[in-house]
């Protein structure tokens, strides 16, 4: 085994795509499968430069359908496998992720959201929330992390591998083009040195022993003949999903109790939201801040009590209500009014958030 | 008040605004600040106005882009127009002296600004390719929060392999940096707020 | 084999014709491939409630095994009556070395 | 008491799942018998991974005593390529119909062929989309009636039947093994499949075997008609034989590949 890619805590100033590649290396990812699409490309660029030095592999596939399905193959073979995509590539990726959801395969996908729908821009958005959380022809039994900084990008890519292999739901890190392309300081670390134990990856096929004699063959399928059979399988998965939800759900809040306006955001937009709320508080406005770190499962139990004690809720996102719908569904039955500052495909600054809060009071 | 600088740089593809942003933020990072730099990028590999968004702070920076810059740098005709949206009443507009007419047309007479004859200096005394390093020097001079040494080390990290091949290049870059620094430090005003 | 299939065994010509009704779906591919037309429909019903096949309808069986070869369901096994062993690889392939576990 | 005679199934067949799920007279059973015999002959049961597609091929998901993955339509090859890249010691078999290979999964076939992926692909060509009820497939013969070509396939409107092995043989790099067999000649088909598995095991390149097969259900044929259509009409359009062997010198069209690249 080659030496560890990272020893000790290493401070660096780099782009988010570089951070993702380092995180995957640090997490012990064995193989990346990928297809070029902006703004994800540099994840592959950094990975292909560093991977051979640490005996890791890469395959460039013919499209994102294949990138998704080869990743499925990698995890079936018992390897910590991942891929990365964005926008129209994420659309194609959903086919394989639906299979991963059905068969409970621990795939890891890093999504670097770009403008949508269609080809739109290669720059930035938060418009892939619906697709990433609920893509495919299923129920959205996935884990979706939404990091907001390079430090979190590093941490949650590592965590994504662990959550995927622990809970066996396809796991996504929902970044965006801004995070991909921007440079900011980050601390890289070796997970083990921080006391993070990587989940053991066990193969689902190619197991030892002669199948049919020394053990049962693994017969893995995603097709069922009867609605009862499917219902049973899904009921079991849903039960397990709901059981792990409280363990997995993560959020962040600041001065959120008894807020006159509780600002709700996720991902990179939450930085603007937090900055705005801090400025508003300094100016004497009773603003609060809540951020969903996991979009699936959504931190309903954390949000509901805060929302019930707030006068207004303001959802801020670079999409047209994708987060707002999650929030509203979570808060069904509460009377606190929910407004949105919705800017599909556009970056959001603290000044804009502050203005939007002022318009509510 | 703690340092919290917002700089937008706009120029044509080949003018090197992204390099200026990269070197400036590298220098700031190694000097112990928390910089954030994001280039604008689109589907065109070439041809558009290139904009770099730089923020340098003592605490982690919030949003990657901003509404109004403390300093906005415009280095071409198109950039003068394109940068308008980031210029507020308090913004210091840094532009190449050759663009004075454009600046007057777009911003009127009242805009706080600094005309830098960078193109002229580069062509006459130095070399056109170090045009952007003169601008870098101006920014270091105007903001006043970085040591020359920090910037030189960042230049070294960026261009070290080229300097090794051609030592005269290093000398050329250092002189360009010095010229810009002298021009900028005469107008040290943003840094005064530190 | 952990599952046992019950054969109907018929001796005919040079062959011992083992037919496994639980496997025979009555497709009739074997009937068409038999060079001596010995195979035909039987009264016995098979896996899908359709008639299975049996020898004795044409000339005597020559134990050529074509029926066994083309049966998609492995429902036929032809043994030669001249006393060769019971297990014969279907396609008479030589065993690769190291095959035996 | 003597043990009663038992069916001569390939050893790797899973008796517990027999009778299998294919229709009476379906060629899948014959192709899977040939594959089973080849796996037995090579003694690779313990390290072979079987992947099946959508379409009737999915009915083989519990066919063998092999670790098996039933994937999506057209996506079996990428899944198995993913496995092979992660675990090169395994032998991977990608099993699908003509629709999965030549229509919805064609880009994967072309790309795996040009990469010379170490995978053994077996395509069952029965000229129809069978599981969905007998629509036109990429391999439907000119004039052949299907549910979506009720007056017969019009090649002017719908193109000519796809020649899969010819396609792969034309683009695969040296080391590839490409053949077309038929369920009408099981011994030959088994030999082709065995060579295809050996090609992968020896690390030479992709192995691609098309098997001409039958679909009495959707053809609406009796046994005699089934054989006639397969052996006369299909075989006339789709010639049986080996198209590429790994020893073969690459065709003149396949250029030598020195390292290229603009000077840095």
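For clarity, chains are labelled A, B, C and D in written order, and residue numbers in each chain start from 1.
Here is the rule we go by: a residue touches a chain if its C-beta (ideal position, glycine included) is under 8 Å from a C-beta of that chain, and two chains touch if they have at least 3 such contacts.
What you see is a predicted model; the values in this text were computed from it and never measured.
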| item | value |
| --- | --- |
| For chain A paired with chain D, centre-to-centre distance based on mean C-alpha positions, whole Å | 38 |
| Where chain B and chain D are represented by their mean Cα positions, the distance between them in whole Å | 62 |
| Chain B and chain C: spacing of chain centres that average the CA atoms, whole Å | 86 |
| Separation of mean Cα positions, chain C and chain A [Å, integer] | 57 |
| Residue list for chain A, restricted to those that touch at least two other chains | 210, 213 |
| Shared interface positions of chain B, touching two or more other chains | none |
| Residues of chain D touching at least two other chains | none |
| Overall pattern in which the protein chains touch one another (line/ring/star/complete/other) | line |
| Chain-to-chain touches, reported pairwise for every pair that qualifies | A-B, A-D, C-D |
| Footprint of chain D on chain C - complex, ascending | 1-7, 9, 18, 20, 22-23, 25-29, 31-33, 47-48, 50, 68-75, 77, 79, 86-96, 98-101 |
| Footprint of chain A on chain D - complex, ascending | 12, 14, 45-47, 49, 54, 58, 61-62, 64-72, 75, 78-87, 90, 107-108, 110-111 |
| Parts of chain D lying in touch with chain C, wherever the complex brings them together | 4-10, 13, 15-16, 18-20, 22-30, 33-34, 37, 40-43, 183-184, 186-187, 190-191, 194, 214, 216, 222-224, 226-227 |
| Residue ranges of chain B touching chain A (in the complex, touch as defined) | 22, 25-26, 29-30, 34-43, 60-68 |
| List of chain A residues in touch with chain D within their complex | 30-31, 33, 57, 59, 61-63, 65-66, 69-74, 76-79, 81, 95-96, 99, 203-213, 217-223 |
